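Note that the chains take the letters A, B, C, D, E and F in the order they are written out, and that residue 1 is the start of every chain.
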């Protein structure tokens, strides 16, 4: 059986979460998000161009990039300078999809591209869920700046998204796994939800074992609670509580 | 509202599925899987080597590669000769995880690697679910060959896995989407299950909309039915019905 | 001295050849060609664009790509995802040149590109000669579709091409070498001819030995016979016998 | 003529400099260095391996990597995922050489490699000089950790290095240029010095103009002063003032 | 009809050929070969290592690399720094095969690799035939140096090879085509022969037209004459006339 | 202490220098520069295009590329076909900057790019300084050709640049180091100057040691003398003595 969580955290408890805005003076929007010892620097840039496949549509596009600093991990992670790893691309595709789910791309002020860069400064499990949660704040702020400069009338982000992980570790359901827990998890689930309490993305993986419908629903219950708290923190930090 | 499905298929019906074994004389195991007009050639190769990170463990490894022939799609898809696309890597990681879930890697006859190549000859939606379903047959046969040659005593694949997609299209739940349906889907879900009726992998994505717990459970019900049929076909084709 | 050929084939005999048309629903033209156990899937796609160097010429272009599925060979062949191998590029250049020799590129319906993808499903020697022979059928059919859709008045392929290998193995001249024979050949020759009985391409290589003019002419005699048979099969399959 | 410097800085004054240690829990040593709005995260990792060319020498190696976060610049800088830019490689080679100049590689505890990652979080001119100055602190701390763990008896960094830029802008000599100044500079010089007041590296470039010996010496005088201050700050931060 | 050749050269005449030895002090053997305005610098290096596939065989290997300096052509040719072109790889494979045909790889003094670098300084048609002819001289000299240093008892190059092009231009057969002729050729043939007057490699391509057996034999007659002269020059330059 | 220099060269003496013009018939300007056994082939090409960032400016651009032939070095140097080395990019950036310092890019006849290719045929130390010195001659000649063809009224190169290395070897200051000297140098300095006797670029590196201001000035004195001689040779070779 799995022992005590770090800092005596309860099974259903998030780690200490912080969302610090405006941390990069050159980005239109930025947020340093911390889920415990997992720290991700999210920045949102808007460029007045779209990919060839989007030209002439009159619509914008929103995409994400994800990378880890080499020293963010216990064993140094080499830079992806000769081609991208599948894991990184998978994560950045997830971040992009999650944000696009609440973004009105027909109302971005024309054929513009928002790129949300998520750079992991320190990794301790849950980098993708922290990244989604922080990316939303960075995107919100960048679009506010866009709105202030008269490019759009309303913020194209019409809803909120946040994400958290849930896992089964030593037979015990845990919320927001850190690296030690994640590396021992039998089931690993990442959930992205919006402020209506609905799912945007559900990804559950049995690492060693398979899981029943009942188990799945228990995990989603736990995720829902955690995400509710994260959405509240997002609103607080942008001053819309 | 979404209209009639191709060939008047019922909402809860799979496309015509076929699993043809031993189609490549040089592969240890192979299976040409067809989900309607989606055709994927799966082949399993066993090599007596493992990656550096696995050396000295005494255990084997199982991995997958996924690619589309250029003319498999309506618009020609360029070959990935200068780096891999995120989508391809995401799919091959999913195939690999799904098969490893039912594979006893400590009983593969030592430090050997099974590579399952999934090459899409023709794409009409659901290539990843077809690939997983066919990959299982190819892997099973390759391990049987391995067993026959005395390398292992029992087939390391101790369970079955199969996969199917479910989607919400024009407000209607549909099983096993073809390309036309998939490109209009509001919600897209891929489900991998085993013969115990449990989940190995659940990936649900809201493309335009979010979805409730009730909707999620309806979709999983539908997937469960379809996968049951695929698992039965797998057993039939390997002669273990 | 070299022993018996597989299936007691005569020295001057082709392997069993088949040309199956229309095997890929998304390609304009396609042909699964088999020279014994060598199976190549050829598909022809027409795109309404040309490379920069061809723009403004009013002419079309025809090119080929060649690749082997990893499990097509006895020992798994890695995918060429980080740069192409010289052998593959050499073969695809040969296929392209051979087809262009009988193609009226000024009559392709403008600045369009035909790409012929030749993917080896199973390799047992002679993949390049099988590819050329099957590529011709795929290209013919794609151009027929192009003609039917009114893009051109006549099929731009104004002639036929087919190809075969000849080799000296253990001092004996053999037609259409399989892998076992090819790997022991002292001289290896690939010949491409048209329906006028003339050469389009002749490539002869002494692997261990050099060869005289007399030997060269004997080999060409043998190739001429085999190609005559292949050209007849092509006509038969397109219904122009 | 060039106008007022930001914050009414004097021509011979450094920007506000800070060196924050131990900012990354997974790195052996780390330092967030700020030269005004230029922020560079430096981390030092020690791995027990050396490149092939160094094997069997009994000596260690010290190297550096340099990259900019995409949103560190006013216009987003693409990631170097398909090959490195010359500028980045030039800078990381400079950082590596500067640190090796004061490192006893024969006394690193065997064939180990220290990699100093310098990631620019925010760029406002002088990223390479800030990186060198911060890299020294990160390296020092990592080697102290190495010493504490008994791998070496004394810290292999036997001296200090720090760096600053000097430039001629609108005919006026300025110390520690920010981006606005740097982009208008007629002469640009980067100087690396040690605690003996001697040069480790001098790189001066006339962008538009050439420069005399007298001018060169004036610039070196100015650099010397600035570096003296930086060396003092380094000592202060490691507690060896 | 095709007009006068440059310098009133006869149809069956070679351009002025020169073979200058020992032009690179660091190479074991080197030769600057000129076929008129085509200049290729060939150098042969011997390294005491072989590729993994050759290890344990006790045999050596001989390979070639081919590249063009950017300014060797009328329109600047970009460097192949992001992957090799098919044409370059095809040519270097031809050079390697031609030289291996006369090299006793079991007698190279163990598991060593000879690399023959052929760098085109100036291109005016026939770079591959000039490269083969010059490469032989560079290889011969490098192996002589190898023999002198006691590594082998006899020079592993037991025969000579040289190469020339023949073409049909405006209906006229021409030997050793320059760029202007080559770009207008209807048939283009490259022939490699040895001192026994036998073929090592024959590559004939119909660019616009096909060609009969009679035509082929006329072209080979012409090549044979030219190669005879080149072989004589090789012997002269190494002092074995 | 360091012994005798090759050929009893004096400490303050250049190696034998030669600048041979017009050595490549296809380049607009070319120069084979020799500093003793260091031989670099420099060619200048002018193309009527500029990079995207320069479009619409009405100005030209001048850039350089640097590469070593594999056999130019004692140990064969692999070609940079899979990405460029930092050293090569650093050198070509230095060559480009040095030439741009004396080039009026607003007077290049519009949006044209001059590329100066510097290919090292033989390396014996000082390849970058030889390259800069020879590149100037190639660029001058190419611009003269440009002027003669009426593209510009005056040669855009309004000044001269040449370069030399200086080093401290065994405590002794030496000019224009060869490879043997360079590999033992404690301090290595490359200096680029113009005909006004002013500096264009100064790069000094302490390899093992640091250096004082006095030492720096002694080294610059020595460089100045050597460069004066190189500038005189450049004028002589272009006939402007």
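Just so we're on the same page, a residue touches a chain if its C-beta (ideal position, glycine included) is under 8 Å from a C-beta of that chain, and two chains touch if they have at least 3 such contacts.
In this text the structure is predicted, and so the values were computed from the model without any measurement.
Colleague: Work out which of A-B, D-F or E-F repeats the contact pattern of B-C, with more than half of the residue-numbered contact pairs in common.
Modeller: Looking at which residue pairs coincide with B-C, the repeat is E-F.
Colleague: How would the subunit D/subunit F interface be labelled, same or different, where same requires over half of its residue numbers to be shared?
Modeller: The interface of subunit D with subunit F is built from mostly shared positions.
Colleague: Using C-alpha centroids, which chain lies at the maximum separation from subunit B?
Modeller: In terms of C-alpha centroids, the chain at the greatest distance from subunit B is F.
Colleague: Using Cα averages as centroids, what's the distance between subunit B and subunit D in whole Å?
Modeller: Roughly 51 Å separates the two chain centres.
Colleague: Which whole number of Å gives the spacing of the CA centres of subunit C and subunit D?
Modeller: One centre to the other, that is 59 Å.
Colleague: Mind checking the centre-to-centre distance between subunit C and subunit E? Centres are C-alpha means, answer in whole Å.
Modeller: So the centre of subunit C lies 27 Å away from the centre of subunit E.
Colleague: Take the average of all CA coordinates in subunit A, do the same for subunit D, and state the distance between these two points in whole angstrom.
Modeller: Taking the mean C-alpha position of each chain, the two centres sit 33 Å apart.
Colleague: Got the subunit C residues that touch at least 2 other chains?
Modeller: Correct list: 82-84.
Colleague: Of all residues in subunit C, which touch subunit E in the complex?
Modeller: Going by the criterion above, the answer is residues 83-87, 89-90, 92-93, 97, 101, 193-194, 196-208, 210-213, 216-217, 220.
Colleague: Contact residues on subunit F for subunit E in the complex?
Modeller: Touching subunit E: residues 24-27, 30, 37, 41, 43-45, 47, 65, 67, 69-74, 76, 79-84, 115, 117, 119, 121-123 of subunit F.
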